[in-house]
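Here chain A shows up in two complexes: once beside chain B, once beside chain C.
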Partner chain A sequence: MNTLDFSIVAQSWPYLWSGLVFSLSLTAAAFAIGMVLGTCLALVQHFEVPVLAQVVRGYVAVIRSIPLILVLFWFFFLVPIVLGYLSGNGRPVPIGATFTAFITFGLFEAAYYSEIIRVGLRAVNKGQFEACQALALSTYDTYRHIVLPQVLRVASPIILSQTIILFQDTSLVYVLSLTDLLGAASKLAQLNGRLVEMYLVVALAYLAISSAASQCVAILRKRYALATSR
Partner chain B sequence: MPQETVSGTAQAAPIVVVENVTKRFGAFTALNDVNLRVGKGEKIVLCGPSGSGKSTLIRCINHIEKHDGGRIVVDGVELSHRLADINSVRCEVGMVFQSFNLFPHLTVAENCMLAPMKVRGISQAEARARALGLLRKVRIQDQADKYPAQLSGGQQQRVAIARALCMQPKIMLFDEPTSALDPEMVKEVLDTMVELAKDGMTMVCVTHEMGFAREVADRVIFMDRGCILEEADPETFFRAPRSERAKGFLNQIIH
Partner chain C sequence: MFGVLFEQTADGQRYIDWLLSGLGWTLALAFFGWWIAFGIGVVVGVGRTVQNRFLAIPARLYVEIFRNIPVLVQMFLWYFVFPEVVPSALGDAIKQIPPPWASFFPALLCLGLYTASRIAEQVRAGIEALPRGQIEAANALGLSGYLTYRYVIVPQALRLIVPSLTSEVMGIYKNTSVALTIGLMELTAQARQISEATFQTFTAFGAATIIYLCLALIAYQGMMLIDKAVRIPGSAPVKLSADADLAAEVQQAGALPNALEAAK
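Take a look at the complex of A and B:
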């Protein structure tokens, strides 16, 4: 085996960087879509909205029981066909790999976040609701100002852990021929033959980002534990 | 009817009228045909063994529990199942809970400001001024920007009283406000309540603090098994309870 040569990494840094930027933007977008949609899905179940609650339960159950990579395939290959049917001319309507990735990750994460938030909603102390009732707060104000902020605080370590998993899962976009951090490294490695260096550096990048996020989880846990002591 | 002789004011201007109210939890009857009139400015202490329905009764007055039968009229508004009626009643009825139920993610001042701003529609500046004024009244203004978890139990309960008062209610309900407190903190909360009573607030208190009852109560009401068994002025009640159950109860709490 040849000696390691990390100069290759320095040379290919711009390409790796663009891959990392893609991974991070996909994570951020999926987080944003997932949290907003996930909160809505959780509330629909929490309030037992007729019919809709059943639909949401089915959706969450399906998404959570199939691998993300399959959901990506579905969206990439099936949605254009369905859109083709709907548009009437029968020809598949391509929706593009990047669009597929953002939408799929957002919808996929929404199912996971909604479960976290749903459990969090059930954990809110009954006394909090009674205090809101006694103060004549509307249901909207109760959830907007009292219940959801507490749920998000309590669930923040779990939500962040899920987001770390999401960040690592973004590497699956290679099946859509998109170039994320891992994809960039893998393409470079095949071009220049420096597999060990490339994969090592990428592993370190994932490690650094994920462990920094894990540190945040620990800080959040601690802060929350302090806030509820007594 | 004993209340007519004890409290003429209650008849003159009742602010709370409870008529033939029944409440069931499944097969358990928590309130069985309860009648109560509370006059403006009157202070009532509800006592009785646990499970006697006293907490359920005051929770029905602001519709945190829904009564199954009978009529409840608060400040001229009958509690129906219309949300508008319920909320207009709740605006006039402050409640203090055994477990404080402060909002842990908001500061003391924010706890006091939220409902006046959202429900009464006052400005943030006005809400803050009102909150600080009432926090000063319960002698806790220097803690205004702390979080509830940083306060002692007694301080938290005083914040809860201030929070309820910020809505400028006409009636205050207290549901065992000192039961969850360490003994040395009971007095500071009771002192606050006594002060409130002297200001003329209409108060209905579920409590076993007999010193408090003697000091401020116009009437003591003894409940057992969902019924009002006795009502009398505190001196009469403590000196000469009529029912055997009240005698037994008083023996247990006054060692």
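Take a look at the complex of A and C:
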């Protein structure tokens, strides 16, 4: 057993930090895209929009049944082709792996968030809709001001749990050779041969961030439980 | 479209043989990993609910650690770090393991232990969902703590959580693909290899996707049959629908059921 030398980690701190920043910004972007798109997907299913609802259901089922790595490969291959088709000249548009990762995680997470919101929509009391009708609110106003805020509040602990999973899943961009936290550590480890120290530090960093976020989930859950008991 | 799968590869097989061999590794990992995860998960889940601190604290730590580190990082820890930090004789022995197994065993250990932490939380939720009267009745009959768990609590909790376990079954077979990062040629890795060899990316990934979809369907139907067979008669029927695993998450989070109760 070799002696551990963590000074190497201190030296390479700036590089690891930039990796962590990438991981966090990928998480934030995927969260933003995923929540907006996921809400739309959930509403399409909720309103049973003809044809579109079936398509969305199929999309969600497929995304949830295949591994994220395979989804990453799919998008890495498809996105340039689709963009080429959209841009009109029909030739694949080469885009960076970074951009692909942002798109993929956004679309992938949309499927998961949409399921959470869809179940949340079903949990809203019928009386809420009836009250809105009695007040002559339009469907848009009903959902925008009454229903969705409640759903988001009720589902907030689950949404945060899903976001923690998303943060952990961003490590899979390793297969696209991107420099996220794990990618940075693995590139450094290959340079300096300090695999053990690098991976241990990365594991601790993920552990610290995810555990802290899990505590927030517990707080949200408690606060929400208090709110409903009133 | 899938014709290319039946063409000869450089090593004299057909591409479909590559896919099938990948499927074999995926299934082996998921199957054996599941039993490791289930065994440890039940023990840790029980540990989360007992009063004894010497059991409860390690169980809590186990769940916290294994749930909060990404699978891929855990995979690297078992594959790269573990042989370096154990005594060098053992480390050297591990490094001597020949190729496919050298990736398979760390992957198996990684997926088993990771999934165990998730199953433990489901088991805990199942135990906490049982009415207190069950424990009190067992006490009244003079059953010891061990016997209460062995014959009263755990069997009922396991029957309750079958629908929630569906999501863990689907989780473990999806996570097998992470093993490609340590060189195991499972299904996704084979699909990528075929795509690189033939440039028929659409076919290669399409075939893998269809296989994964079939696995999901089989896992889902299988768990539904198990649930039907073991469901506690008279218990509130847990609706096993397309959102079974979300229902599991919801149950685990405890938020929406509370909301539903409050709404009533």
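By our rule, the second predicted complex is superposed on the first by the 215 of 230 C-alpha atoms of A that agree within 3 Å, B and C clash if a C-alpha of one lies under 4 Å from a C-alpha of the other, contacts with A are read in each partner's own complex, and residues count from 1 in each chain.
As a working rule, a contact is a pair of C-beta atoms (placed from the backbone, for glycine too) under 8 Å apart; a residue touches a chain by one contact, two chains touch by 3 or more.
Here the structure is a predicted model, which means the values were calculated and not measured.
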Partner chain in contact with A:41 - chain B first, chain C second, else both or neither: neither
Partner chain in contact with A:168 - chain B first, chain C second, else both or neither: second
First (chain B), second (chain C), both or neither touched by A:65: second
Larger contact residue set on chain A - chain B or chain C: C
Which of chain B and chain C A:121 touches, first, second, both or neither: neither
Which of chain B and chain C A:195 touches, first, second, both or neither: second
Shared chain A contacts, counted only where both chain B and chain C touch the same residue: 125, 228-229
Chain B residues touching chain A - in the complex, by the definition given at the top: 62-64, 87, 90-91, 93-95, 97, 99-105, 114-115, 118-119, 147, 149, 153, 163-164, 167
Contact set on chain A toward chain B in their complex: 125, 127-128, 130-131, 133-138, 141, 145-146, 149-150, 153, 226-230
Chain A contact footprint on chain C (complex, rising order): 64-65, 67-74, 76-77, 80-81, 84-88, 91, 170, 174-178, 180-181, 188, 191-192, 195, 201-202, 205, 208-209, 212-213, 215-216, 242-243, 245-247, 249-250, 253-256, 258-263
Chain C partner contacts - residues on chain A that touch it in the complex: 1-2, 57, 61-62, 64-70, 73-74, 77, 115-116, 118-120, 123-125, 154-158, 161-162, 164, 168-169, 171-172, 174-175, 182, 186, 189, 195-196, 199-200, 202-203, 206-207, 210-211, 214, 217, 221, 224-225, 228-229
